[in-house]
Structure formats: C-alpha cells, structure tokens
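Lettered A, B and C in written order, each chain numbered from 1.
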Amino acid sequence: MTAAPLVDIRDLKIGIERGRGEKLVVVDSASLRLRRGEMLGLIGESGSGKTMLCRSLIGTLRRRGAVILSGSILFGDLDLAQADERIWRDVRGRRVGYVPQSALAGPNPVMTIGAQLGEAIRRNASGDSSAVASRARELLDIVRIRRPDVVLKQYPNQLSGGMRQRVMIACAIAQSPELLVADEPTTGLDVTVQAEIMKLLRDIRTDMGMSIMLVSHDLALVDAVCDQIVVMHAGACVESGAVDQVAAPLHPYTAALNRSRIELAIPGSELVTIKGQSPAVGSWQPGCRFAERCGIVQADCRVGGHPPLVGPASGHRTSCLHPELMAAMP
Amino acid sequence: MTDKLMSATGLSVSFGSRAQRIAAVRDVSLTLGAGESIGIVGESGSGKSTLARILAGLQRPDAGTVLFRGQPVYANGQAYAGDLRRQVQMVFQDPYGSLNPRMTALAAVAEACRFHDSCAAAAAQEKSLRLLASMGITPEDARKKPRALSGGQRQRVSVARALCANPSILVADEPTSAIDQSAQAQLLNLFNGLIGRGLAIVLISHDLAVIRYLAKRVYVMCEGVFVESGTTLDVFDRPQHAYTKALIASIPGRKPRQTRP
Amino acid sequence: MIAGAATRPYREGRIGIAVGTTMLVAMLAAGLLVPLLSAYHPNELIAIPFQSPSWEFLFGTDQLGRDVFTRVFAAVYRDLGVAFLGVSIPLVIGTAVGILLSIAHNRILVALIASLIDAINALPLLVLAIALIALFGPGLQSIVLVLAMTNWARYARIARTRATLVNQQAYIEAARLLGYPRSRILLRHFVPNVSSETVAYALSDFILVIMLIAGLSFLSLGAAPPTAEWGVMMSEGRPFVQNAWWMTIFPGLALCWAGIALSFIAEGLSRRERGPGG
C-alpha cells in the first residue's frame, strides 16, 4: 500500500533553550513515516530523544523549553513543525490524542471519571448532557471497563492502575483522532495488565482505523504488538521498517539490542551487552553517534553530520553507512 | 534441612490498623541453598517486596521462622544479631535512593570496606577502586556523586557496597526495573558472575525474562501466598496453577521472531 | 536522565555565588579595617554635627558630631555577628530537635513537642519577638535570646519533615544492613542529608534576621544608643531625614548591601542544586 503517510517526519531537529540564545540539541536527524491504521513502535533507551519526538507530535515542546530547530512534521495537510498555538489547540485532542506514561500522569485526582471524560468529549464546546453521557458510556465500553455507570461516578484513586490507564485511553480517543500517541503507557503496570492494554490498543487500531505511535524501551513488547518499528539512538532515528524486516536488522545498534535481549538468552550464559553508553546530550561528536560503541565502525562514520535514514520510502530504512559489514560483526 | 543456607517456614505478616488489616504475606515457606539462585515472581501487591525485607531482617514477621544456617534470625533482640548481620545484604529497586547523595561512590564503598575489613583508609580506597573497576565503574566515575551516575551505574555501586560485607546471600528486590535494557544486561551478567563465585541470590522481580535467565528455582507469589514453585524450566514450560498460566501467557510474543545473527 | 549535563562541574549559579561572596567579603573586610584605620572613633564626638559628606567625613556627621562612615562600618560585625548567632543557635537546636522527633518512639512526647512547634510557628516572628523583648528588656542579648527561644521551631519543622523522608530512603536501610552502628548512621548518613535542607533555609533566614535586628533596634528594642548599629543609626537619623539624609541613607545602604550579597549567594546555591534547566 503506497498511500501517502499520515505522519511524515523529515530530518527533525529539536533543541532546548539554555539561555543567551544557546540551544542544546536533543534530537537531530529524526525521520519516520506512519501510515493510516498502522501501529508504530518507537524504541529507544533513556536519553535517546524519543520523548521529545513524542512531544513534538502533540505540541508540548514549548512548555518544556524546547523548540524545533529545523525539519518538518507533515500531518495530513499541515506541517506541525510550523504550527502555532492556535493550530495546536485545534489539532490536540481532535486529531492527535495522547496517552501519558501510567506511572507519571493520570486522571485528575480531584475530578470524577465522568467529569473528565465529559471534558474530553465536549472540548470546550457546550454539549447536550445526555449525548455526552451516552458517548462516555460508549467510550468506557470501547476500553472494556465493565460497569461503566459505577465507574463514571468514581474518583481515580478508587481505580486500579490498569483501569486508570484505560480511562486515559478513553479520554484520548474521545474525539476519534487520526493519531494516538502513547508514551510508555504500560510502564509500571503489571505484566498481565500490560498484555490487556496492548490488546486493547491493537483492537482500537483495527476497529477504528487509528494510527498509533507507541513509545517504549521494551523491544519484546514492541516486537509483539507493532506493525512498524523505529529505533532511536542518541537523538537520531537509526533504523525503521516493518517488524519482520527489522528482525533482520540493518543497523548495528538494532542488532546489538536484539542480541542483548534477556528473554532470548540462554539462562546462565553471558548476556551480550552494548559497549559504552549512548553519548550524553551536549557531547555529541560529528558523524554517526553510535560510532564509539559500534563493532564495525569505519573512518567515514565519524565525519560530517549524522547519517540520514536511507532506503525505500515505505520499506526498511537504515542510517548505517556500512550495513554490508554487519554479517561480519563479532 | 540443616544443610540449607536459609530456610523460612510459615511466614506471615500483616499491616494496617486494628480495624483494617491487610495480610501482605500469608504462611510462606521457602529454602535457599549455598550458591543457589532462586526467584520470587509476582505482580504488584503480591507481597514479594515485604517477603524480601523479612528475609533480609528488615521486617519482623508476625508468625513463622527464618533460619540462617540453622540459627533463628529473629531471636529476641535485633534480627541478624552480631556478626550475622553482614551475611545477608540487599540491593534495592530504586537506584536513585540507594546511595547517600552526599557521598561519592568511592566513599560509600570504602566506608563499607573499612568497616568490614578494619583496614586503613588508603587500603580501603585501593580495594574499593579495584572492586568498582571490576564492575565497570572507572576510577573517574567512582569519584562522582550519585547524581552524576546513571541508574545502571548506581545499581552496580550498590552491589559493590553490599559485597564489601562479604555476604553469603544477596537479596535483590527488582534490581532491573528502573534501569535501561543495556544496563540490565550488565547487572545480570554481574549477578551471574557472583553466583558462579558462590554467592546465593534471592531475586525478586515481576520481569519473567529476568527470572528465567537468572533463577534456577522459582516461587510464584500472588496476594501474599506462593501458588506454585519448582525449577524455573518446569514452571515456565509446564505451569500448573491458573495464575502462573496467566502470567506466562502475558509475556509479549512468547515465540521469538527469527533473527539472523 | 541526561547524565552528561549533571557531570559538568557546577557552572550554574557560579556567578551569583561569586558576586555575593565578593560583596560579603568586601563588607567584612571593611568592617575590620575601617574602624582600625579610621582617624575617628565611632563614638567620639569630634566634629561639628550635621555636616554633609565631604572628603574629611565621607558619610558626613550625625547629630552628635560623630563620623557616620566609621560608625557604619563599626556596625558591620555587630549586625552581622548578632544575626549569625541569631541564626546558628536556632539552626543547631532546631535541626537536632527535628531529627530527634522523627526517630523518637514516645508518641505522647512527640505529639507535645510537635504541637509546641506548630504553635510557635503560627505566630509571626516579629510580633513574638516584640512581646518577648518586652519581658526581657531591650538589648542585643535579648534579641539573641528571643531568637534562640522561638526561631528554632521553624528549623525543627523543616528538619523533621526532611528527616522522615530520609529515614525511608534505601541508603539508610542499606547502612543498617551493613551493620553500621546507630551512631554512625545518624552522624554520617542521616544528619548531613537533613541539615543540607536546614542550612539552605538558614541562609535566607540570615537575611531576615539581619532585618529583624535592625528593625527591632530601630524601634528602640534592640541595641541602644550610643551603640553603632544600623537600626539604631537609622532611628536616630529619622527626625533629621530632610536635612541630614546621610544619617539614615548610609546605614540603610549598608543593610541593603548585606541583604543583596546574601541573596546572591542563596540564589546561586539554589540554582546549583536545581542543576541546568532549573
């Protein structure tokens, strides 16, 4: 299917204001394409810039003191990188929904579930209250919360972590957005709850044709539930492709991540680790930022800007300059 | 039973007011042999952290006994009285709270070293630097305060500090939950090496992959009780209890995809 | 977490700390040198009163013909010194009480002392101070006594909250597991992490206490004339503000200088704590 992608991020560069006009670059050379009805898993370790990338899709960069320095975020007919607050107010919630990390944020503790869902459904417009109520019940049904009438009257502290996340998902999809951004939605939740929420997201994708961007650090999870994987390292997207394609990686970092997966290791054997640490923001060297940790690094890997993602438009893309050397990796 | 390094029988503890008591641990029994690695797997609210604290001597149980080399741990006075105290050490889940923020990594480890080996300050520093280096903490990093270190590094410093006491048992309460995947691998390799050198490890985790990798035997805990136990291989491949089955089934993608090396 | 940013040596707040410390050191040096080197004694009635500032009398003379310049700097150690006592004594008492409260077992005693702390904290410090000084009689010693009796409660509250938090941290449990004796845990691990909070508060408290001392002296409740002390000097100069402004302005500027210097230091330190992006 070669339809135009719903989200097309090209060479995005994000920096944090450091006072006196200085900007600390935290994302550089990020590109990805998300098609309609596709679930994309954005994988990266902490410090990889995945959260910043996430924020650029929901327009909360400025609030965090970050700005887009260059690049574009094409979303349907808009370039979100150029969007001002007025455009964002229209896009947020209505066209892009957001589910935050379960451990950090959650439903407003002083509002009932019904009130919050009502807020998400109305979006500042006044609404016929019975229509709002029935839509709220409908949403709770979509997210598989039983006894919706009881839950609507409850406060967040009366619900379990899993149920709270379902409520957040319900709020996020209230306007039937085209894109749902979920930032580590199951971190901190029990594994059985995680499995249910992932199934829920997959079903939402299938039944509502919604595109979902799932940000995670858990490769096993993303491998199991997503259609496309994008791997980030030190602020750059280094590989992207369908989940089956990325299973045979074309970038040494992805290969190293794959090999160091604990669930695939033989118990008791030495776990493969990735040498070194990802370069901290502010101390990025020229060239590919994986160079110091790479087993097949070449001279041209350390010069110039970070290599961009290359490859067929809707296929397997990598930013590695020498993927042909990967067969010889130690 | 007497050759077991540690054994616990009928442990129970509950919290709360007189009106509302919650039984965190109910009639739990387990054994641990020297140099053995066991896992306690359960989800939040299962009571596994409370159990870990009971084994380490930080929480007195309401009922039941814990025996270390045949001696009761919770005798009349303090738990693990006297020289016994150093035998069981713990690694905590939160790497950010595990280290004194005002002490450098080196100072924290050297303090433990000096206390347990009664050696001079310079010798303790030497030993600590070598110990930290063997865990991948460079002398330069060792002189940093915890806030300048990553989560994985802080965990390794905590382990180094615990090892200074020369314990026979290390209780690790969710040691990998708050750190990156690559740091997890490093930490687990470290634990593996320690097991190889005779340290017994009690690994508490909700992460089944970690348990499967490190623990030879596993106890499955749910709402304060052990619902199943056995060798890790058996429990993972042939789970008997409904809860265990549900846990195993929720591991994302049980079947790994084919990867070309 | 951006590890790299945190490893950069404390660049944040350096300017603030440097500027503030320089200002403070300059003032302390002047407070030492000026009275020593000055041709005039702070209490000597040597000249014609109400002279405006000139090369001979840099800050002019006051109503009794004393050199204002010498007096202003003679007051430095008096004002700052008394303020220092008025902060350090409550700091030590308050931190100790707060820590003891958090680890004590006797519930009744803890409840009693906690109520006392809450009661003291509920009253505005200035009002309390004035009331108690009425009891003890005016004077700088009274001020120190009153502060020792009341200000400790603010520190105790901070220390207790912080101590309860620290008590739950894993590194304290780890210290217990390692078998460290209680004294070591208390002194090496507990106290430093609690007092970091109270010492930070003490710095901003210092500024308040300086103002309090000057204020009380201004109200004739603190230092008495002929003592060289900024509050007293401003009080004495008040009736003559129209014609002999230098009697009030210069002590006031000295007060501001001390306050600004300390504010710079306090802000610089808090920026350093927050780290970059704070």
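We take it that a contact is a pair of C-beta atoms (placed from the backbone, for glycine too) under 8 Å apart; a residue touches a chain by one contact, two chains touch by 3 or more.
Quantities reported herein were computed from a predicted structural model and do not represent experimental measurements.
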Pair joined by the larger number of C-beta contacts - A-B, B-C: A-B
Reference chain B; chain at largest CA-centroid distance: C
Centroid distance [mean C-alpha coordinates] between chain C and chain A, Å: 50
Distance from the mean Cα position of chain B to that of chain A, given in whole angstrom: 32
Distance between chain centroids, defined by C-alpha means - chain B, chain C (Å): 47
Per-residue overlap in chain A, given as positions that touch at least 2 other chains: 46, 277
Residues within chain C bordering two or more other chains: 1, 3, 7
Sites on chain B at which at least two other chains make contact: 150
Residues of chain C that touch chain B when the two form their complex: 1, 3, 6-7, 169-171, 173-174, 176-180, 188-189, 192-193, 196
Interfacial residue positions of chain B with respect to chain A in the complex: 43-44, 150, 180-182, 184-186, 188-189, 192, 206-210, 212-214, 232, 246-247, 249-253, 256-261
Chain C-facing residues of chain B, complex: 56-58, 85-86, 88-90, 92, 94, 97-102, 108, 111-112, 115-116, 144, 147-151, 158, 161-162, 164-165
Contact footprint of chain B on chain A as seen in their complex: 45-46, 161, 190-192, 194-196, 198, 217-221, 223-225, 243-244, 247-248, 257-265, 267-268, 270-274, 277
